[in-house]
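Chain naming follows the written order as A, B, C and D, and within any one chain the residues start at number 1.
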């Protein structure tokens, strides 16, 4: 069992009512017709939401996970009416990625969309894949790659140094590849999500709920995000509507990052009365 | 008539065929029903494309320009079947912005979407608007603001220092406001377009076409962008599907920026044969 | 007299004792012999500290301010043994800048170092200076320019939007000029200071001291900076030792920015005992 | 034998004469008295230059390398008059780092300065070091850490994706640690060098010299950097003069990055005559 035991989207302030999440699919039906999409970590959380959205837009999806997740694949397929395949694969193990990619190619052909969403992401393959594997992967032309990193990938953050470093590596890998592989018909983009209440993220990062409360106070729109919101953005970025988007790093975080980073954010707690006193004092200051 | 006399989208390499622009509207019909949108510089180029897209999705649009542009407004309206109003306004002149905003509010009510697209952008109002004007503007709650800047706003660039500085100011203004005004129901986002062949941009920046050729070589996807592509991204960002996007800076440039910024980009011209020679030399190097 | 009535450098935690400020000049004596330096806002705070340092290293300094500050100039000169001139100048007024630059050139010749430190900075001149003024300024070759901005120039921040936007503009102006004017022998660099207790900054931004307390908690090294520390960095950046530094943006803030921006920074307050509980819960989580 | 066979510092344009490198040590003698410094890759190139500078300022240095480099250590020691130790260590192998650190602590005590300069940098240890090793390392309090990355760590670049990703990881690791470990008296900073002609960098990255020519054209100050220039900056950053610098990322690249990244940089080749033609055309453009 997960979370606060409910589906309530907790919010910090009244402004959250101005920003209700839109949970339905935004793109025109059929946008992904005849497209094959490969989503790592596609069986849970954000990955499952993205798979469901792409699938409902017509894509044939392949989801990868360390576990056997055919049941999830079937469930999504039933909901959307399009085929969803499941492959077992550990993205930290180059041989396993290689095998999964081979199976994928045999079963459904080369993917048009690759979403690198598994928690570990896969940074290793680029350096450790066998020449053979690279060849298979580099055959994947005309594909749109998308990596899911995090808002602290650029700035870094206390307590998550290894994950921050790995995600930063993924980002620079993607921007490098965006510059290098445009000529093969490939695009690479990145979504940096702020906090979204998936079981995976919150049970591990915030078992007591302490952190959720803290975060809500620094999210400008006053609420957490939802998997469906990430899924709509991802569906746009991997679609042909975004064929001129490559090397982009897109923050989707309800304005959390800009609120955190701004030096004077702490002053949000200053009351109207305190502001009045401060203003009077400032006006009375003379000289430098 | 403008440009190279044709509608051909020039391209630098064969890869551009992998990335054809999708010119149609991507969001579900009616996405902007009952919404009012205010677009500065909405009568030409990117502004006109964004207006047309929002209008065709159901919005009632108001376009502002230094010229009288009712004809353009009518033209768009005829195409989309929804009302489009035109107001005259110089965004560099606070009094003029104030008057336009007042007229807007009288005619159609407070806007739900404000797109700050006019070439000069409007950075001045925040400092110079009369208290009255600020009050009107700060009444605009629940609105989604979008500013159009440019990919060189962060890095700076030779030969465009004043525009780079102004656009950088707009970006930081927006991220600051995103952090500050979430509590009023307001979101602020930014699109940084790469080169898109509008008459405004190209006749002034590239009268001879020299620059276009240079740019095509550094755009990863091998072609310029189109106004319709910006319009789809803008329509997404200002819609409720993006209600959890605030303070985001989104580059849409065909991978130009990452290609420019990468130190080794110049080596793209190295031939296969030259790579072979270099590899042999590197292998023969001993010691540090 | 200023501040909390003492010269004590307040600190948030015991770690500040590991990071005592070094108040003496670090560069070799004579580093600035035969150099002329122009420092806006050089009569107080950071500007005065930078002037004193450059002067003590041998520079002939000219300080500019809206007020008549010959007394300050004399005071610094007496301390260092080198000439210090004062000119009156309002950096927001292009004509005033023009007149000051002319006087400067007449009195001491073209400057080798220009430090753009006045609180308003000068962003306007680039656009509004008369052709004549530009000519004078562009004659300033071989100079090292340094601008003092702030750590929130890039991220933006609540409550200081106009200043954040202006400083962002200054930064992009400088990086643009660094790229453009290398060929005239000119370098442009930027220091982004974190909070330093000058009367100018603190009496206006933090009249009640509330903010100082808050900041100390988010500064990694646990204390505010000192003007002498900025002065040493500035002296390095404008010296020939840094002749290969151009277009650089250097944060000097005791680690404040990285502490603010990191998403999990709030968790610093979690106690050892709470960590233990959280760890146990995380270990017990099964599945995604 | 290395490079162009001479010590000439090649330059692209006449402006390089305005920016002669200052090869001497800039800080006051004795700045590093009673300090212990550990420099990975300290036997060659930039590492050797930094070691020599710290040593001449009074530090007791320990240099680490995969090879036995006591000869280099002795050579530096003879030049500076201070002890220099050499340890063998492979920074890609956590056990080897652990052993080296233990030897270091036994021989000279805990270091005050750690410079992470070896080409591979060490990103792995944070995740793979044994609990024991971490304990040793986390005992290193009051130390100043410095990592040498590269200007393409943030932007990414074609042809160097793995190295770009690794260096990006190092940067985010450092900024994360800067936020987290200030409370242990530790600072973390980063230098991003542009191209500096060391045998290590150039024999591997530019065996034919093709790249050097290209780079010179995009370096604003018109020349490559020198190891001594990096050494002076490193000496400053690790000294007590910089005790308020933490989490900073400092580009030292002769203005290369800002020149590369700026969209209009390519226009630098436009001649005066071509500008005149363009200006006339722009003036003749009417309407948007």
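By our rule, a residue touches a chain if its C-beta (ideal position, glycine included) is under 8 Å from a C-beta of that chain, and two chains touch if they have at least 3 such contacts.
Keep in mind the model is a prediction, meaning the values are calculated, not measured.
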{"item": "Those chains which touch chain D and also touch chain B", "value": "A, C"}
{"item": "For chain C, the least number of touch steps when starting out from chain B", "value": "1"}
{"item": "Pair from B-C, A-D or A-C with over half of its contact pairs in common with B-D", "value": "A-C"}
{"item": "Per Cα centroids, the chain farthest from chain B", "value": "D"}
{"item": "Where chain A and chain D are represented by their mean Cα positions, the distance between them in whole Å", "value": "33"}
{"item": "Between chain A and chain C, centroid-to-centroid distance (C-alpha), Å", "value": "37"}
{"item": "Chain centre separation (chain A, chain B; CA means) in Å", "value": "24"}
{"item": "Residue list for chain A, restricted to those that touch at least two other chains", "value": "152, 155-160, 175-176, 178-179, 194, 247, 257-259, 262, 265"}
{"item": "Complex interface listing, chain B residues touching chain A", "value": "13, 15, 18-22, 26-28, 31, 141-142, 175-176, 178-179, 181-185, 187, 194, 219-223, 225-226, 229, 232-233, 236, 239-255, 257-259, 262, 265"}
{"item": "Chain D residues within the chain B interface of the complex", "value": "41, 43-45, 150-152, 155-160, 194-195, 198-200, 203-204, 207-208, 210-211, 214-215, 218, 256-268, 270, 274, 277-278, 281-282, 285, 287-288"}
{"item": "Residue ranges of chain C touching chain B (in the complex, touch as defined)", "value": "123, 126-127, 152-162, 164-180, 247"}
